[in-house]
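Two complexes are shown next, each including subunit A; its partner changes from subunit B in the first to subunit C in the second.
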Partner chain A sequence: MAIQVPIKVFRYRPGTAPHFERYQVTVPDDATVIDVIEGVWAEHDRNFMFRHACHHASCGTCAVRLNGYERLPCIVPVTEALAGRQELVVEPLRNFPLVGDLVVDVAGFFQKQAASGLVITRAAEATLSGQPFAHSELFSQAGALEERAYNRFENCIECGICISACPTMAATDKFWGPAALAGIRRATLTTGDCQEKAALLALADSEQGVWRCHSAFECTESCPQDVDPGGAIMSLRREIVGRKVKHLFGAG
Partner chain B sequence: MQAEKSTRPRQVWQWADVRRRKLGMWAYTLNRVSGLGLVLYLFIHLAVLRLLAGGPAAWDNFLALVRSPLFLVLDVVLLAGLLIHGLNGIRLTITGLGIGVPAHKTWFLALMAAALILSAAGAIAIFTM
Partner chain C sequence: MAAPHVIVIGAGSTGAATAHDLALRGLRVTVLERGEIANCTTGRNHCLLHSGGRYCVKDQESAIECIDENLILRRIMPDAMELNGGLFVALNEADLAFREKFIEGCEQCHIPYREVPVKRALEMEPFLNPGLLAAVQVPDGVFEPFRFCLAFLATARHNGAVVRTYTEVTELARAGQFITGVKVLDHRTGKTQEIGADLVVNATGPWAGRIAEMGGVEVPVAPTAGVMVTVDQRLCNLVINRMDKPADGDIVVPQRLTSIIGTTSWAILDPDQIEIPKAHIEKMIQKGRELIPAIQRRVTRGVGAAARPLIRKANTDEREVSRTFECFDHQRDGVDGFVTISGGKTTTARAMAEKAADVVCAKLGQRAECATRTTPLLSYRLFYN
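Up next is the complex of A and B:
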């Protein structure tokens, strides 16, 4: 059955004042919110800017603020998003520079993500050799994921939701941020190289690292992939403090 | 399209925006509000102490004022602010060192319950002694 969905969306172009516009979009009743966003583009305004790709929460591209909270609209059913409301409200993620409408500039975010040195690899993606991973290259015979330096399997899909949810990111974009620090934590666990580990911990211990976090834990709450960046930040702190205490007593 | 680097001022008001946020954010904001309140109190306290320079008469008048019910209520607010900020600070120090992190919400609720009970006990003491 088709339903009419009222939606209020954030509109913006450089040089113009940001504002909201309202639309009605027709979608099947089992549609997700990304279908409604696409409907705005398809039925009303071909200039409407939004990002999307996989439609099943594996790319992290479509993240927005839905009804005032960070979500992946590709996995939120319209009926759930509309429950108890007159209309959907869709805005771009916070704490990123705006490009236009729902699109934000994620370049700086990805640069920070790369700081951990981990290459993003998933089973469906090409390897450095250009060939797709065979199942056996990622998993051991027992079915456990192999610990390899280039496996980045802490589940982060680089959606940027944690950046938008983090109140510290609202104060400064220099902060490494939850996702990059979770990546650094992951890298410290994976590497067997003491020097590399020390360099990663020094990165986390820097001015814009773990000590800028003020423990709101909104990253952990909002992360759609259960990465628990807040927990990763606290684990990094424990390790850094532990090393310093050992060093103080001449053991490090 | 070219991305504008700074289209909006950084929205520091997010620090106080707890709409739809979870318990950790409430704890975060509560700590900021109580901290700012305590800093404000410090300056009021210093200004009041300055009355001592006005001689015994000025000080006696002030003492009469602070024994009024309104000021006693403010004493209770001050006590509650100290307890909330102090106990929340202990939680932040412990979890901030990576200890008991998964239970941070339980820590918060338990310590705020303690702050409430101690504030109530302090209020009774302030109004009856």
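Up next is the complex of A and C:
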């Protein structure tokens, strides 16, 4: 069944005043909010700017503020987003430079992600059903069979939702931010190199690192991938303090 | 003398890889994309790094392209893929009867494979249908399409290419029989602009026909949609395929914490307006759970569809159309300085780019050889440096 969805969208171009515009978009009743956003472009205004690619919460491009909260519109059903409301309200992420309409500039964010040292793939959980795998025989880069662990992409899809939700990011864009600090935390867990680990911890142990966080946990609350950046920041703090205490007593 | 300037229209996998190839050969490159990178066909593909197993019986030309490119991409983009292989599983007597042809096909297309005993297959994949009769492992893999394109474009930018997103081509500029550039609308500013070029490459996938029309030529590209249904749990480590010729809902691709079931195939007229038939979504769940019964208990996390750019041949069903690609030099249609590269798959994007760049360089009198087979790509994140 097709339904009419009223949507109020943030519109902006450099040099003009930001404002909202209202549209009606027709979508199937099982559509997600990204289909409605795409409908604004398809049915009403081909100049409308928004980001999207995969439509299954893997690319991380489509993140917006939906009805006041950070969401990936590709995995929010329209009926759920409209429940108890007159209209959908869609705005760009906060704490990023605006480019146009819903599009924000993610360059600075990805530069911090690159500096965090997080490798995009991780060793997969051996257990899909609780039974550990002894070993895996997989094809190598040259196409020959070799024994190695399964791998998979990291949970973080670099969508920027935690940056938008973070009250500290609102105060300063110098702050490393939840995603990069969570990346540093993951990198400290996966590296086997003591010096590299020390360098990663030094990155986090800075004025704009873990100590700038106000422990609001909005990042953990809003993360669509259960990365728990807030928890990662707390773990980094404990590890950094633990090392300092050890060092103080001459054990480091 | 400055190097020739080439405009590449489209920043899906074909455009991204073509920009990289041309920049590596020393040409000046500008990529024009009307939206976000990988916002359509590439973005919403199945994320499958094909081993070629899927095509090794019915479409061996594509199968060989896939395995060749698979082994190259493993080397040049090693950290950005889930390289866990794929299993082809037989669930009934008909599938079992296909097994011999499948293995023969793997051998003919030089696809590495090994037969996996049923008991071992179930140890590897505990959620697999316990009634399976046979399993064969091949080097399938999983990528993330947006980052796949970013890696090519990051490297292209490093080599001097300019990438402009939200910049839509509205007209091709023409002088006599030559395409001399494009007219664009920059959505960021609302301003139109002419950009001159020595040659224009049309890498717009299912939109190739529309861009070709701006140049007064035709290309035989048939936009053919396919639906992907993603469920909210990772139910396998390997890609799970049905051991049969390609059909609806016969493959489950795991990615991150999810499983993506695909796909269907239906011809469409306008790639900007794809209505997903509800029956297709139900069919994905129904067919997917034949492979992995637990799919039935999972919640749908996302549904997407995009159009493939199939090269049309007379009198063939879309499932029977080869997944191979073609490069069209429109000089043969009386229009010079204009090349279309279309068809293919994201897995074969680098090979498509090589073919297109060979044609471009020959036309522009450039001698540089293709170097993309052995050049490692930069991290996708460096696209934003």
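Convention: the second predicted complex is superposed on the first by the 217 of 252 C-alpha atoms of A that agree within 3 Å, B and C clash if a C-alpha of one lies under 4 Å from a C-alpha of the other, contacts with A are read in each partner's own complex, and residues count from 1 in each chain.
The rule is short, and it goes like this: a residue touches a chain if its C-beta (ideal position, glycine included) is under 8 Å from a C-beta of that chain, and two chains touch if they have at least 3 such contacts.
The structure presented is a predicted model; accordingly, all values stated were derived computationally and were not measured.
Student: Considering only the touch criterion stated at the top, classify A:A114 as touching first (subunit B), second (subunit C), both, or neither.
Tutor: second
Student: For A:G100, decide between first (touching subunit B), second (touching subunit C), both and neither.
Tutor: In the superposition, A:G100 touches subunit B and subunit C alike.
Student: Could you say whether A:T61 touches subunit B, subunit C, both of them, or neither, answering first, second, both or neither?
Tutor: second
Student: Of the two partner chains, subunit B (first) and subunit C (second), which one does A:P14 touch, if any: first, second, both, or neither?
Tutor: In the superposition, A:P14 touches subunit B and subunit C alike.
Student: Using the superposition described at the top, determine whether subunit B or subunit C touches more residues of subunit A.
Tutor: C
Student: Does subunit B (first) or subunit C (second) touch A:A42, or do both, or does neither?
Tutor: Only subunit C; A:A42 stays clear of subunit B.
Student: Identify the partner contact of A:S215: answer first if only subunit B is touched, second if only subunit C is, both if each is, neither if none is.
Tutor: So A:S215 only meets subunit B here.
Student: Does the superposition put A:A170 against subunit B (first), subunit C (second), both, or neither?
Tutor: first
Student: Taking the two structures together, which residues of subunit A meet both subunit B and subunit C?
Tutor: Residues common to the subunit A contacts of subunit C and of subunit B are 14, 49, 99-100, 107, listed in rising order.
Student: In the complex, go through subunit A and note every residue touching subunit B.
Tutor: 12, 14, 18, 49, 67-69, 94-95, 97-100, 105, 107, 167, 170-173, 214-218, 220-221, 230-231, 234-239, 241
Student: Within the complex, which stretch of subunit B touches subunit A?
Tutor: Per the touch definition, subunit B meets subunit A at residues 1-8, 10-15, 19-22, 24-25, 27-28, 92, 95-99, 101-102, 104.
Student: What does subunit A use to touch subunit C in their complex?
Tutor: Residues of subunit A touching subunit C: 13-14, 28, 30, 32, 42, 47, 49-61, 74-75, 99-100, 103, 106-111, 113-114, 119-121, 124, 128-129, 131, 133, 136-139, 141-145, 150-155, 157, 225.
Student: State the interface residues of subunit C toward subunit A in the complex, per the touch definition above.
Tutor: Per the touch definition, subunit C meets subunit A at residues 35-39, 42-44, 47, 67, 70-71, 74-75, 78-85, 112, 114, 123-127, 137-139, 142, 144-147, 166, 185, 187-190, 228, 230, 234-237, 254-258, 260, 272-273, 275-276, 278, 281, 301-304, 379-385.
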